[in-house]
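These notes open a run of structures that come right after.
In the two complexes below, chain A is the common chain; its partner is chain B in one and chain C in the other.
So, the complex of A and B:
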């Protein structure tokens, strides 16, 4: 036994090494490098100028950055205040024993998550088309609305939130469903016996019971929202859309870094996104600690 | 006893695990080793000899016979190979290569929208070979349509041979126009166009809303709008690379476009090219006219065969009487990498390919693009009637306008400027709708304000880039 243990002492390091090598090469080094880049303006490795906090200073005066931040925040709010309540509602319906074929409905609602974002963008691009789009044809034939209703010209953010709703509502539903299935039935029964109505049972028993999962899902949604890129990029044709209504922070980072070639400025945007996500993560941690206490 | 049993179990466990690792680890390691050896022994795809990268399959199809002959006639040199790389990967790989000295091809074709990235650093750091002196010394400036050099000219230096001219004509549904008894020869200006063609705007399904409009143009389609800005003599940058967006010409064009896309004088419809929905609208006859660069002729023949015999071409209506009847849209250049192993051979091949009458003919026949080489313009195939265009000779119509195509900027900030002008168009349309103000003259002040905002934003970005600055 001792012989085997001594012989194995390098094994954990060996098994960890692939991760560590990849982490150091592709996470740690680029992270340090990006901080250095965020303080520079460069044109390849040969041309570089130190700016200090100049890129961050420019960000503060950059209307496109604020537009991107505002759009991202609106999308995040849409995710948290529209998408998650829908997910919770669906989960509660499908958690009810009165609903038949629950497994089938769960699969149906979850299935959009199996479709890639690229396909979702293509599908919703077709749905939101003027004149030939399914949504406008349906609304025109049913209510006589304008067949040229400009979803992707004037209502970019609602269109994005609708597309994301379709994609993620079932995915988040699974988290809530798992949490709801762990709510102790005797607590709900006890509340019922004490005369609590359905709203009070939901608010005072179910919600506290699923709060840890809900907090986690909110954090995931916020992080996902602040990383939003593919959906608007593809839906709006490689741009922020008309008047940059669909420009998100990560899209702006991409445009700045890879379409304009200003890697320093893009790195500064990246660090701002990191700091925002850091604040969310710390907030979630503090909330969790308070609940545990 | 218990200790003895545990030791026995551990020994058994150790013997079952084939030494330190389990069987699974050894299997995975063996697979990794075998596949690594397989990959190492596999014949290399590396090409020895000159390499050319392009982003378009049709280009390769047209170049292959010429390359084959070049290789046959130059057996003393390693053969030249052409490789297709998608536009975005090509852009990224080329930029990485130029900035970090990783290998790139000897000859590279790039599209106009990519070029800005390569010209955004100091002029001496541009990864393409400066061809200016060669072009002067060999008389190629006179031999090739001069405006076609402008997108590939940065700070007075030319970095590529132009592949095309890409003049723009107006394509119209001859079946609809002629049925309405409209004589297009009486159209000289855009004002004539809107006045004479207006009867063709129709409510086809009886819902009280017009369905068919005169022109495929939208305030969010900045590529098409840029065509009109350029035609009118507008531009987004001056000769020194300084943003010059807020000009009288640009404001008037912007206000006119907005008056075309909304309000009682609306004449435009949004039918994007390269999309199923846009093609549906064209096939259904909801679009009467389109801005048609020569390359779009090939695209339409391929994507919209049902339109054969229904389309005719005419010069663009001018912005004022006697004004320019064409514009320009898109473009490709062939550049030589500074790091090319044999610059002279690369240059010889570039000329052999792009100046070839054989290439001019095959490119015209396959994709409808006319050559920028002026001596090719007299070749007879350009005069052949095309059944697709009601037996007009599109080649000749485009060549007639080729010398008049406007000059363009090569500013790395042009794509950004276009985005900001698009935003100005969106805001001006909102303003027009909110104030129910659709008259061009009444929109001019607001157009100026919005273009001034766009100019300020672009200048700010130009100013930030110390490696590329105009003379401001």
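So, the complex of A and C:
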């Protein structure tokens, strides 16, 4: 650990002061404020009533909350079980020593993640359009599927998962690729000499070697999924879509807080999301500590 | 040779096509007149080169964006917000990361954990209290109000802490300080050049994040002339959602600058992005 002695005491605090000021004002204060709000019922600036844990109690009986939780969980599952394996697969192909112009492929796969969610929503709003959208026309021409497949009417979550797949597959690939490039080739060669098949080499050599990065990517992916808001919000025109099929937890938070005006109930939803993510983060830490031991 | 082609390049090229399709669709739609929009998926068919009716393509949507909808103004706003935010955020993150990496002081361990912990709180949860705060400071509808909350991100402090811990030799810093180099000068002359790849990467990360940020500027800014592209596009979408060509032209214009910036600086960007994950 590099440390410099004989320093002025005020220097670290001076260096950290912009962070500390912004942190206190725009993270610490709002966090505490939202905790106190979560225990209240509010309507606009005037009305406020203390409820204790009443908001959380009401959430348990709120069918919309469960719908939002279900949708969010489906999206998270799509990210972890569809998107991440695709990312890993692409990374493994790119990592093969026989691929040329690796940098170019990496660049192409990564480029969607530069596009802001607002713009993704505009583009995919047109792609998923029932009669005129690109997806239905191309699918119909190639596979003869229903030319008026109702993506944004009846298959909202699959549509969101497809849009997110396009958007983030290359982003996660970059992490996997960086991890794969650190796997020592001798290990894989040794397994090959010992007669391990390609599946065995993948499962018993490659996966354990990239596990620290993989758990980190899964955690990032879960954090992103549980905070999903702007994409469905803009894609579905400021609503949860038909039958609230696209209502996510953070969207429900936004609707109750900013459209209905009950900031208390909205904060309670936000704290549920924070607690879920806290459990995932602790889980990831425990997993990576167990590996170090 | 054939096997390599089938196992490696075929899936790669297939995926490239799928990734490129939405971009191609966007670009084509922005160049078509609205009647042509419904007749063809990509470019309208005709007798021109490659069987495409090149003469029916139009720059009209792009022209209208600038002449009638003040798009140039939104672009300048986005450039301004992203530039100021990224420079300040990178400077303050580097300063904070340096403090956490090098100095022993009370509360250091505690602060490092705090910095990481804040990442799991959904930003939308903090919107209302932050908004009230800006209201009390009289900073609503101002760029200061948009920039201030994101000017020293915890994520950046963490990235710079990692980068400085792994690339700054302690002896070099000791020597400089013994030679009478001031603390602040040492930071600019020795520390920042040492972590230059991270500086480049983080400038780009924050530039992108600010350029694409939507919900916070949407809530803070009210004057239409002050809006950045992201908010402007979302609002135009509400009014001109049937004007497909123009919406696509606006979207293409909004994402082109960051795509170009990334093309120029992509190596540093990707190195910085993965630094935190692989070394942590």
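Heads up, the rule we're going with is that the second predicted complex is superposed on the first by the 277 of 293 C-alpha atoms of A that agree within 3 Å, B and C clash if a C-alpha of one lies under 4 Å from a C-alpha of the other, contacts with A are read in each partner's own complex, and residues count from 1 in each chain.
In the analysis below, a contact is a pair of C-beta atoms (placed from the backbone, for glycine too) under 8 Å apart; a residue touches a chain by one contact, two chains touch by 3 or more.
Worth saying up front: this structure is predicted, and the values here are computed from it rather than measured.
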item	value
Which superposed partner A:132 touches (first chain B, second chain C, both, neither)	both
Chain B or chain C, by number of chain A residues touched	C
Chain B versus chain C as contact partner of A:53, first or second or both or neither	neither
Touching partner for A:24 - first (chain B), second (chain C), both, neither	neither
Which superposed partner A:229 touches (first chain B, second chain C, both, neither)	second
Which of chain B and chain C A:262 touches, first, second, both or neither	first
First, second, both or neither for A:286, with chain B first and chain C second	neither
Which superposed partner A:244 touches (first chain B, second chain C, both, neither)	first
First, second, both or neither for A:43, with chain B first and chain C second	first
Partner chain in contact with A:77 - chain B first, chain C second, else both or neither	neither
Overlap of the chain B and chain C footprints on chain A, listed as residue numbers	1, 4, 7-8, 11, 126, 132, 258
Chain B contact footprint on chain A (complex, rising order)	1, 4, 7-8, 11, 41, 43-47, 49, 58, 61-64, 126, 129-133, 140, 144, 146-148, 153, 239-240, 242-244, 258-262, 265
Partner chain A, residues of chain C touching it in the complex	4, 8-9, 11-12, 15-16, 18-23, 25-26, 29, 37-38, 41, 92-93, 95-96, 98-105, 108, 111, 118-130, 132-133, 148-149, 151-152, 154, 157, 165, 168-170, 173-174, 177, 183, 187, 208, 211-215, 230-231, 233-234, 237, 244, 247-248, 251, 254-255, 258-259, 262-263, 266-267, 270, 273-274, 277-278, 280
Chain C partner contacts - residues on chain A that touch it in the complex	1-4, 6-9, 11-13, 15-16, 18-19, 21-23, 25-27, 29-31, 33-34, 37, 90, 93-94, 96, 98-99, 103, 105-112, 114-119, 122-127, 132, 134, 137-138, 166, 169-170, 174-175, 178-179, 182, 213, 216-217, 223, 226-227, 229-230, 234, 250, 253-254, 257-258, 263, 266-267, 270-271, 273-274, 277-278, 280-281
Complex contact set, residues of chain B against chain A	6-7, 10, 14, 20, 92, 95, 98-100, 117, 120-122, 125, 207, 209, 219-220, 270, 276-277, 280-281, 286, 412-413, 415-416, 419, 422-423, 426-427, 457, 460-461, 464-467
